[in-house]
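One structure below.
Order of writing sets the chain letters: A, B, C and D. Residues in each chain are counted from 1.
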Amino acid sequence: MSETHWATARRWVAEALGLSGFVAFSLSAAVLAQLGVLPTLAADALVPGLVILALVYGLSDLSGAHFNPAVTLAFALRGSLPWARVPGYLAAQFLGACGGVWLVSACVPLPKAHELVRPWGAFGLETVCTTLLLVILATAKRKAEVGSQAGLVIAGTLGLCLFTAGSVSTIGVNPTRTLAAALFSGTVLASWPHLLGPFAGGTLATGLTYLLRGPLNQQEAETAKGQAEAGEGSSS
Amino acid sequence: MSETHWATARRWVAEALGLSGFVAFSLSAAVLAQLGVLPTLAADALVPGLVILALVYGLSDLSGAHFNPAVTLAFALRGSLPWARVPGYLAAQFLGACGGVWLVSACVPLPKAHELVRPWGAFGLETVCTTLLLVILATAKRKAEVGSQAGLVIAGTLGLCLFTAGSVSTIGVNPTRTLAAALFSGTVLASWPHLLGPFAGGTLATGLTYLLRGPLNQQEAETAKGQAEAGEGSSS
Amino acid sequence: MSETHWATARRWVAEALGLSGFVAFSLSAAVLAQLGVLPTLAADALVPGLVILALVYGLSDLSGAHFNPAVTLAFALRGSLPWARVPGYLAAQFLGACGGVWLVSACVPLPKAHELVRPWGAFGLETVCTTLLLVILATAKRKAEVGSQAGLVIAGTLGLCLFTAGSVSTIGVNPTRTLAAALFSGTVLASWPHLLGPFAGGTLATGLTYLLRGPLNQQEAETAKGQAEAGEGSSS
Amino acid sequence: MSETHWATARRWVAEALGLSGFVAFSLSAAVLAQLGVLPTLAADALVPGLVILALVYGLSDLSGAHFNPAVTLAFALRGSLPWARVPGYLAAQFLGACGGVWLVSACVPLPKAHELVRPWGAFGLETVCTTLLLVILATAKRKAEVGSQAGLVIAGTLGLCLFTAGSVSTIGVNPTRTLAAALFSGTVLASWPHLLGPFAGGTLATGLTYLLRGPLNQQEAETAKGQAEAGEGSSS
């Protein structure tokens, strides 16, 4: 394979590995919480926050550390990721998420979803949380900074969303994570607020970013053209 | 609109969005705590800390991420923000805070204020907490550094104040947040310590900053003249 | 006063303010914990950690943010602080700590000390904790880096010591803080392990630093000569 | 001794001191948790996380802050640490760990191991956790960045592993730590999953790093040749 093909394959492997790790850790923690081994809120908010901190730091120089189709589509809509890369990212994320769910379900029964709000309320919560997360990510992308500093803020924001909105609904802020878990437990249709809400949030956040910052700046455009990725210093 | 008008409008939108997000998340968490869904101290200290970490990182390059009239006035008094920008900031903050309170009050009853100390005690606590917060902000402004690093310290300081002082009084460290919540629940007069205390703290901190550091340094002055804001690297 | 006298006075004010803030927050939290308002471990470890994070970030460009006679003496022994500055630092720290204790004792009764270990055990714990803290500080000084990044590690280390050793003894890692509290409650003699342990730890850490790193490097020596302090970028 | 011999001796002292500190703090916390003085999960996850944050920051410029034979061997396998240094590192780590265990066992009875999973399950958990940790460390090494930023992510990842996997098994993510504790309590054979799992994880992570990033980059190679260690700025 040529150098470019290797780089593409590595991006896919990084996205798949990242999402499988994220799903495996957060699902395991939810199972342990339902068994009474871990405190519920720490399992639901702290564990996903810490695992995303680790994965963003460890893998962001390879694939940008999306691990989320709502993020991938929002970056493509913004123009900072070429559309040609979108299908590969989405497929890698889906395979990774299924792998993570399969690994957990092979060991223990999957945790049950909990909903204290109506479907449209859950849709609204997913939308608000994804919008907040993508405002952060747009800032990080604009500064061409995806590493330990941005990772800490991303992890904190995800933990915040799962701690607050996640206490009344099975918030995922991630349609692929939700889809993979729903496929294994046969609840795809009932999960529509969690499958569609993040895309609504992603679209909203992209519009807001255009309103607040205008078109791509130089760093975003260079990243999009794939130049900045040649040097490793591009994502610090 | 000219480029300058756009920049002004974006500043206002960023301040309004930031304060509405801050108010919506922290009020929701307080409601969830009173319903027994979230632990009280985590809802009152961790949630505001994490949301301010996210918002400072995501929006500080647009408006400086004040989200607080006591901060805006202290910066104007210091000379690092032109007085002409103050009314717009205050109005945007007020509209944003009202939007946040309205959003929460449309879904659930607002949480009740709790006071274990007398009014002058609450006034003193607000003053001390705002002074501490503004000493941090003055250092960040002086280094022209408002981003993930300063954001973490700001979030930690806010969380500290809400954890300690907030356990005995409805500390806001933010008059607009307090005013918006008081308007909706009709308790404006009784909230005077929380409305006036932060301004006393802001004035005290500005005097202290002058005593300890003297007049504006170059970075603060450039920011004040609006030059440093042209380049995006100014607030990292 | 000349420029130099101003700089000296500012250093003293920063040390006094810092230690009064540290003592006031951590003592108040201990009182609130004994009243059952705050959880004990969070009050004893999280609050001092967060307040030291804020104070190191906000004041370290003025005085180096010692806030502790064991730190001041260890830096003088190392040669990175001129001995002529030591008396002023110690006096400012003592006055600040007394001010903080007085402020709290004017409002509420001071918390009682708790000891689950014998005096020599407490002495050992203070020694180990101060040694650990000063290894961190020596690294930060060597890199001429005392700001948000070092501050986070310092705050985490202090929180760690207070969480572990502090659960079985009234660990201060700070003789002036201990002395001021003991003077107000008349228990100076009984506090000898907490008054002497940190100095043993400081001496041990200075020897260890010499063993591991040899004499002063260029950054430490420049700071000691007072040159690096002229530019504000010296402590980031 | 020549300059080189001093540097070698300092590396050994740093590794031994670091692992003795890590073992002493984390074992003490486990003992305090079994006595009911500290909450179990905080003792098992927060304390090791905070102590590793402190030690990575304070000692990484001396030895690279491995404190773990699985890390040392993975770096040698990768080529970023000369094989000739491996025996010294392993011996220093072993002596340090024994010192830490001895110190704790001289004061209190050692805590008992707990296992809710079968041996192969524990082996799998150790493998997964070490793989995750070494993906982070490989990124940090590649950027020649081992300091406060990488330290925070490393500490968070270790805390995550001990919080989740550690709630059902006596996870060490560190064979030397496990071996030293097992020698003192006479349970070496029963600890095989925790002794071998981390090496499996280290090998897996090294393969993964080669797959994802190819051979050594310039920074890693320079570090391996020992050149980058001459300047102190090499590990920030």
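Here is the rule we use: a residue touches a chain if its C-beta (ideal position, glycine included) is under 8 Å from a C-beta of that chain, and two chains touch if they have at least 3 such contacts.
All values reported here derive from a predicted model rather than from experimental measurement.
*Asks:* Which chain's centre, taken as the mean of its Cα atoms, is farthest from the centre of subunit B?
*Replies:* When every chain centre is compared against subunit B, the largest gap points to D.
*Asks:* Taking all residue numbers at the subunit A/subunit B interface, are over half used by both copies (same) or under half (different)?
*Replies:* Different, since most residue numbers here occur in only one copy.
*Asks:* Compute the rotation angle for the C-alpha superposition of subunit B onto subunit D, expressed as a multiple of 5 degrees.
*Replies:* 180
*Asks:* Could you work out how far the Cα centre of subunit B sits from that of subunit D, in whole Å?
*Replies:* 41
*Asks:* From the mean C-alpha coordinate of subunit C to that of subunit D, what's the distance rounded to whole Å?
*Replies:* Roughly 29 Å, centre to centre.
*Asks:* Among the residues of subunit B, pick out those that touch two or more other chains and give their numbers.
*Replies:* 149, 152
*Asks:* Name the touching chain pairs, would you?
*Replies:* A-B, A-D, B-C, C-D
*Asks:* Which residues, counting only subunit C, touch subunit B once they are in their complex?
*Replies:* 6, 10, 13-14, 17, 21, 25, 28-29, 32, 37-39, 42, 46-47, 50-51, 53-54, 57-59, 61-62, 107, 147-149, 151-152, 155, 232, 236
*Asks:* Quick one: in the complex, what on subunit D touches subunit A?
*Replies:* So the residues of subunit D touching subunit A come out as 41, 116, 121, 128, 132, 135-136, 138-139, 142-143, 149-150, 152-153, 156-157, 159-160, 163-164, 167-168, 208, 211-214, 217.
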